[in-house]
Amino acid sequence: DRITVFAAASLTNAMAEIEAGFEATTGHEVAVSLAGSSALARQIQQGAPADIFISANPGWMDALESDGLLETGTRVDLLRNSLVLIAHGPEAAPVEIGAGLDLAGLLGERRLAMALVEAVPAGIYGKAALESLGLWESVAPRVAQADNVRAALALVATGEAPYGIVYATDAVAEEDVTVIGTFPAASHPPIVYPAADLANRDVAAEAAFLDYLRGPEARAAFERQGFIVVAD
Amino acid sequence: MDWLGPEEWQAVALSLRVSLWATVASLPLGILAAYALARWSFPGKQLLNGLVHLPLILPPVVTGYLLLLTFGTQGPVGGPLSELGIVFAFRWTGAALAAGVMAFPLMVRAIRLSIEAVDPRLEQASATLGASPPWVFVTVTLPLILPGVVAGAILAFAKAMGEFGATITFVSNIPGETRTIPSAIYAFLQVPGGEDAATRLVLVSVGVAMGALLLSEWIARRVAARVGGA
Amino acid sequence: MDWLGPEEWQAVALSLRVSLWATVASLPLGILAAYALARWSFPGKQLLNGLVHLPLILPPVVTGYLLLLTFGTQGPVGGPLSELGIVFAFRWTGAALAAGVMAFPLMVRAIRLSIEAVDPRLEQASATLGASPPWVFVTVTLPLILPGVVAGAILAFAKAMGEFGATITFVSNIPGETRTIPSAIYAFLQVPGGEDAATRLVLVSVGVAMGALLLSEWIARRVAARVGGA
Amino acid sequence: MTLEVRIRHSFGGFTLDAAFDAPAGVTVLFGRSGSGKTTIVNAVAGLLRPEGGRIAVDGRVLTDTEARVWLPPHRRRLGTIFQEGRLLPHLTVRQNLRYGAWFAPRDARREDMGRIVEMLGIGHLLDRRPGALSGGEKQRVAIGRALLSAPAAILADEPLAALDEARKAEILPYFERLRDEVAVPILYVSHAASEVARLATTVVALEAGRVVAQGPAAEVLGDPGVTPLGPREVGAVLETRVVAHHADGLTELSAGGVQLFLPRIARAEGARARVRIAAHEVLLSRGAPAGLSALNILPGTVREVRPGDGPGAIVALDTPAGRVLARVTRRSVAALSLAPGVPVHAVVKSVSVAPEDVGAR
Amino acid sequence: MTLEVRIRHSFGGFTLDAAFDAPAGVTVLFGRSGSGKTTIVNAVAGLLRPEGGRIAVDGRVLTDTEARVWLPPHRRRLGTIFQEGRLLPHLTVRQNLRYGAWFAPRDARREDMGRIVEMLGIGHLLDRRPGALSGGEKQRVAIGRALLSAPAAILADEPLAALDEARKAEILPYFERLRDEVAVPILYVSHAASEVARLATTVVALEAGRVVAQGPAAEVLGDPGVTPLGPREVGAVLETRVVAHHADGLTELSAGGVQLFLPRIARAEGARARVRIAAHEVLLSRGAPAGLSALNILPGTVREVRPGDGPGAIVALDTPAGRVLARVTRRSVAALSLAPGVPVHAVVKSVSVAPEDVGAR
């Protein structure tokens, strides 16, 4: 069988490994379409021939679920991520992230790079975290919102913005930034990547793939990219 | 060459196919639209003009979304067409459609400017020699606007090679089917460490487009030399 | 009007400002580049030609990233400029730069086509009457290519109104500073149920661009009528 | 076959209101710069939709504003030669010449390309493009193109103005042949008196958009009161017959029994030839002159003396050869006591009958 | 001031290799269509870079391929009238006329716009654009534009070809005035004999890219062996003085003591006038003719008889008025036994000296 997986673009590397492993072990073919969760979800609403959807946030999965586009009972929370504060340069000093952090003071006239705070998951989570820590009011005017978390990272990496808020997974491989703190998990809603089987088709490979995602090979692949795999 | 993986080569081949088809298939329509806008007056002309420019004005995501709504299998156009076996959604044909739509305004403008520069007295002379309007077009107008047509086609091709927003929104990013070079670049840029692969693809893309550009310049020069003398 | 919130109005006003500046500021350079490509021959001409077309070929995100690397405050161009107080990063000027760069190939092509259509014998006649090359350009070439310049400007303006990828990558999305209509639309489309707000902005954007388009058509017709007779 | 033209049209300050018939043969339309000649040609060719009027060829209506008939240019089949050439720049000379033939009806009478190329002296240009031709070369190709398009009528807007005299003299006979061999009307715009005299079957004089004189060429040109091209260009036309070609290069003609000598003309013995004698080249003598280098002396009687505005007068004579006009000074009119009924001799140097002024008939 | 021209250039099959000097006054360049006239004008104007050669005005080098000198067109200040008008389509006629003045040096001698507009009869066109002009109107504006640009020399490429005779006759005097009043050389391309005779100070005849005859107009035109425009266009030029204007509209001239009558010419009594007498309009008579309408009879002696290729011959006479050429048939040469030394009378009708053939001097 051949199945099509719609996956959030932030999973690109992990999905490449998983795709190869799954094809080798099961003999099924997999095509992975990588794009923003919103684009993928809209395409599914418009009848895209996707079998599995892995979203970078629960919101779009909720929307599909309420449209009845999910195979009931197949939705799982697959991955978790954490939010970190990053600074430009390889050797920035760590800070204590909490209500007492003078983030506005650190920024001065400069900018804090985030993903879109109303629209893109990393931005929404980041705003929530800053709000819960009581920091949002003071830094809001200094926030530069990128269209996705990778663009926010690039702003810090180039030094255009001295600080930024990104996923822990994004910060790992970038030499020009340093993680100077991790936001407490309680400061924002849980960052969850849900996965589900879509209701349009029913082939054996779908279930096999969902199983494989939660298997040890996939776990290793996800962890190599810095994700936290949600235990059943 | 082994500095590009097989999936990447697939993206390159697909981009070429999509861009060529987008260009070639929209050319007749582009010439027609340009001619109509340059020479005819009819009710709704400004509407057509606006429609042609729409993809330029709208953010590509919006164009892609509108294409999805219209040409998707559930859409008012895509639905009936899919009954006839013509499917755009999530196929390379859809990528070509998106690229063609996005490139259309550029193509039409270039051709239209050329048409407006043709001396109508030459077309009149041809008519007095017995050429009916279609023949005048084929034997006089078209050869004289060839540089503009080539320019329009190359602009469209270059635009199609770089088109991303509308394509990924409309037909997603499926390897071998709709993952063009820009979509592949996008995916690489979304994860840590993807920059090298992205850079390689950018270079291929730029190389192809520059080759096409040089070719078009050469064609245009040949045509100009023919018209100019000797 | 109350169907758009204050933030949305802000985005509309900003988009207008950015697009107008992008168009107006790149026009002289666009005319120069078009003239050089159409009329001069110099070493590196095809390189310039390729460079001009680059923003068309590259995915906008890549262009935006390259702008960030070059014109960012840390960049090789942006750095020295920021010493002089000229800052693009996170400023509306940067949005205008991005839009201008993205629109540049369209503008140059349109103008270049017009220049190629000018009969050089008229320029020669003007030279024999004592006009030096700059004067020939101002008094003969420029008036004759006006329709092409108008077309190029309107294409650039429309493109600038719709430009998104390079802009947001380069100068991100800061309300009141760099949040143009397309950025706002993109943000609305990222969340479920944001379509209505996006639609309103799309309508505003289309309205503005169509107005500009009609205006340009009217100007071009006036110019054509003047050259044609009466 | 007749071309009927009735046109009303106005541009800003200029109003054209002209009606004339162009029968088979050449109708020469002349008038000063800006008098509306090109406007008429455009309207006939279908390139201008006149505000009012009717244009028909042999009953086939091309334009009729009242009946709302308007035939598009390509269905009119009028071979048009434009004042400014209008060659197709992307085609070679050969392709330009063949262009019209592509669209000609299968059964149309075709000219031989080789012959026309030779006549126009454009054989060495066939592979060039118009950009590499001189002004006169362009116009010659334009003439060839129209002739080769198997037209139902020919419209020629000052086709020879850009050509030198020698080339003109070579091309004029072809228009003559066209006039004589083919029954198509030719509407020919010109302001050269020699072309008018030589080609015109019918003459239409235009002034500021209005027809001021029209009629058969011999009639209009032989009337001393009509001086549409100015008094210098008046001249009568004699109908003659070729008698013999002499060894010294002269051709002997007979006009109503009177012997005339001309430099050799290319016409068979016995053929008819029309000879124009410009009034300003005729000398009058009371007695029969002797010892003069002029070979042609026509005895006659003064019919009319018409003084002009200046120092000149036009004297119309009746001679056995036909009506002859002479332009002399009023001083000579007095000196020779010229008045109706006075016998007089018209002296014409053979060579003063210009080669262009000899037409086949 | 002299314009020195030496050009070598070739296009595919055509090779131009011409050298001549154009002194102050009008140098008429003539030759058949395609002989290279426009190519020369373009090279002088700086619009064509010849492969080899040197062009200079009064010592100021415009082009010198050996010294690698090449002045761009706008620094040459040569008022150029093109064969095809080349009006700027986006400017009105008025703006086209003023165009050159914008760039003229402050101290340049300026023509009066009103006068030139009136002379060219384009007053009613000033607010139009070139698209709305007839062919001849365009050319008149182009002439005006060049004249108004305060040029250091004038290049005119068949400027009058598109004009009717009456208009030509109006404009020619202006070129004459230019020639006589201003010391700028005028290079004038033409194939009309009357223009050549009337305007030319110097004549340069071109054939297939090569100069076949050049020299002062009177000399070249009075030499029976040089027939650059064909034998029909031969004619001698006499230097005369205006004696009186008579009441009947005739002007009496004296040429070396011989009385000549012409229709009134616009020149003061006592002024000098150059009169061209076309050879084909001269009749020869052995005896002194009487009772003829011709007013001008010049006694003389045959100097030379030059038979042509055809039935004609050119007879050169020495008369007290100067050299006169007559074109007669060989039959007449025999009949009148014309040979060097034979006394003979040249008969010239006053009116046969065409108004264009009278030039101021």
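Lettered A, B, C, D and E in written order, each chain numbered from 1.
Criterion: a residue touches a chain if its C-beta (ideal position, glycine included) is under 8 Å from a C-beta of that chain, and two chains touch if they have at least 3 such contacts.
Being a predicted model, the structure only gives us computed values, none of them experimental.
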Chains contacting each of subunit C and subunit E, listed by label: none
Number of steps on the shortest touching-chain route linking subunit B and subunit E: 2
Reference subunit D; chain at largest CA-centroid distance: A
Proportion of interface numbers common to subunit D and subunit E (over half same, under half different): same
CA centroid of subunit B to CA centroid of subunit D, Å: 57
Gap in Å, rounded to a whole number, between the CA centres of subunit D and subunit C: 60
Rounded Å distance between subunit B and subunit C, as computed from the means of their C-alpha atoms: 20
Chain centre separation in whole Å, for subunit E relative to subunit D (CA means): 26
Junction residues of subunit B - those touching two or more other chains: 61, 65, 186, 189, 230
Where subunit E touches two or more other chains, by residue: 12, 84, 128, 132
Touching two or more other chains - residue numbers and ranges from subunit A: none
Interchain contacts (touch definition) - all pairs: A-B, A-C, B-C, B-D, C-E, D-E
Residue ranges of subunit D in contact with subunit B within the complex: 45-47, 72-80, 82, 84, 86-90, 99-100, 102-104, 128-129, 131-132, 145-146, 149
Complex contact set, residues of subunit D against subunit E: 11-13, 31-34, 37-38, 83-84, 124, 128, 132, 134-137, 140, 158, 161-167, 191, 193, 229-230, 232-233, 246, 248-250, 261, 263-264, 280-281, 283-287, 289-295, 310-312, 326-332, 335-336, 338, 347, 349-352, 354-355
Residue ranges of subunit A in contact with subunit B within the complex: 4, 6, 9-13, 31-35, 39-40, 42-43, 46-50, 148, 150, 169-170, 172-174, 225
Residues of subunit C defined as touching subunit E within the complex: 121-122, 124-133, 135-136, 139-140, 143-144, 226-230
Residues of subunit B touching subunit A in the complex: 61, 64-65, 68-69, 72-75, 89-90, 168-169, 172-179, 183, 186-194
